[in-house]
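Residue numbering begins at 1 within each chain, and the chains themselves are lettered A, B, C and D in the order written.
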Amino acid sequence: MGEASARLSEPRARFLSSGVTSRQEGSDVHEKRIEIRWSDMDAFGHVNNATYLTFLEEVRDEWVERTLGEADLSDFVLARVAIDYRRELRQADDLVVARCGLAEVGRSSVHTREELRTVDGELAASATSVLVARDPATGRARGLTDGERSALLAEPLAPPDGDASGAR
Amino acid sequence: MGEASARLSEPRARFLSSGVTSRQEGSDVHEKRIEIRWSDMDAFGHVNNATYLTFLEEVRDEWVERTLGEADLSDFVLARVAIDYRRELRQADDLVVARCGLAEVGRSSVHTREELRTVDGELAASATSVLVARDPATGRARGLTDGERSALLAEPLAPPDGDASGAR
Amino acid sequence: MGEASARLSEPRARFLSSGVTSRQEGSDVHEKRIEIRWSDMDAFGHVNNATYLTFLEEVRDEWVERTLGEADLSDFVLARVAIDYRRELRQADDLVVARCGLAEVGRSSVHTREELRTVDGELAASATSVLVARDPATGRARGLTDGERSALLAEPLAPPDGDASGAR
Amino acid sequence: MGEASARLSEPRARFLSSGVTSRQEGSDVHEKRIEIRWSDMDAFGHVNNATYLTFLEEVRDEWVERTLGEADLSDFVLARVAIDYRRELRQADDLVVARCGLAEVGRSSVHTREELRTVDGELAASATSVLVARDPATGRARGLTDGERSALLAEPLAPPDGDASGAR
């Protein structure tokens, strides 16, 4: 089973205490504003492509915590990310608005739809990711629990094309 | 046109002088051994998922330099990466063996196939990436030049499934 | 002349637009709240020691911009950092409160006093840094201009011991 | 007691298996060649100042493992780093030669002397660091054990000024 370093067992302190995070009103996605750091830049003066995944991770982890709570989280692993880069990000952009929402629920997997935008709403990247539930005893994929599944099914689906969503 | 921080205009010094980089004999892929750093790890003791893209960038940039030379490189941008995480990497893995090869040549794009393996050959991740040629004057995609196209077409295709390639 | 990657020529957009940055009332230091990222952590679950310097850089750059403006900034380089680590930072700490103020003005150098605290005020690190003015034509140290010197001398000195400042 | 994320409990696999690491003949310092990554660069095209500490960490951790073994290592913490930046590092420098040696042994602390050089021997940075032994039960500083002390005292001192050592 594919896997990587998804963080899903941390205290919710960060999520709850951070004033810059908020659920959008009437929205199906979780939003987090992330400040760009000077060290995120590479020698072209753009945020490095790998750092885009750091931004996605920040919002995805919060979305998972919000949606699934902490109880069963420690054994989800990141199995896949597909990211389309649409716009360079620079120091002068200051902040990235990162969004994550549900795309699909599988037997043992959760598919999310994610995007990064500038404060002005320009799309910087769109992505889809796959998280897989893992049995801590065996290290292998396990089916989602009923509780996980119902929590996920209560979540509205994120729109299929982040770019087309003019309302956002 | 999608884009991100591909580095394609740096001097080849790094590539040429670094003893740890070599083209595999009789192989269609470029290989680079990358040492894992302690700071690559996250709090689960695994190399962070974003750092996998850093590893892919290291080998991809070398492959591009080897294949296309330096002349026309400064305006390729990274448009997409799709990565499947297969195995956690830890400090004890010490080194990652990163490979990059050609998957497909488009009108203005170059598709690569990439993978990360442990020294023992275990697949840690497989990926496909898309680079797009960009006109520096307009910042928009441009067709590949004849020189670029012939250099690319001289390159054998990377095997379609990194995982299935037992010989490697 | 010693030097490193101080960023002092970027547009002030980040500083000015970011709501999370503010000058403390009645204070001689510049303060910036920085959100901890999951990827800042290392395998012990603590923010990596090198990342502390990233946090210091974020607040120092803003302090320099605030104090010296943009005009003459592009050729200051970071010559030295001495940091005392006092407390581990974890994901659950959520935010770091970074502060930077003036310690001393030399002929061609600016000495700053910096600290990192938790939201609850616990000292995580204290540091002193030295920036040196550089002549872009020669790449060598140059004396501070009269304008730089008077802007700096208008700045109150940061208290000598960040730790002792109970009021903060 | 000051502290930060020193890694001292990892398996020695990395140190032992990595061909690029070697103890210098007739030398009192441990040397490690570290490849510069594209993502180490910042928007000025220089290795970011915080990344210098990552390079120092890489060589320091190996030196500690070599000198003290693994047995007692898990509870040393990094208490202080003072770094003088001497030269910018660029992608074209390809590799950094990092060195670490003993400077001083305290009651509960180990002081090291460290430096980063280009392959051509130019000094990029010199540093001193302080590691402190910590009692895992209390989290407080503890005296060095007899075994630690004798292992350290068998180690020759690193020369006091990295820059002056023309022979290196």
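Keep in mind that, in the parts below, contacts are C-beta pairs under 8 Å (C-beta built on N, C-alpha and C of every residue); 3 or more make two chains touch, one makes a residue touch a chain.
None of these values were measured; they are calculated from a predicted model.
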Counterpart interface for A-C, drawn from B-D, C-D or A-B and sharing over half of its contact pairs: B-D
Reference chain B; chain at largest CA-centroid distance: C
Which of B-D and B-C has more C-beta pairs touching across its chains: B-D
Inter-chain centre distance, chain A versus chain B - centres from mean C-alpha coordinates, in Å: 24
Centroid spacing, where centroids are CA-atom means, of chain B and chain C in whole angstrom: 36
Distance between chain centroids, defined by C-alpha means - chain B, chain D (Å): 31
Residues within chain C bordering two or more other chains: 7, 10, 38-39, 42-44, 46, 48, 50-51, 54, 57, 91
In the complex with chain D, residue positions of chain B that touch it: 7, 10-11, 13-14, 17-18, 20, 34-39, 54, 57-58, 61, 91-95, 119
Chain D contact footprint on chain C (complex, rising order): 2-7, 10, 42-44, 46-54, 57, 77-88, 125
Interfacial residue positions of chain D with respect to chain A in the complex: 38-39, 41-46, 48, 50-51, 91
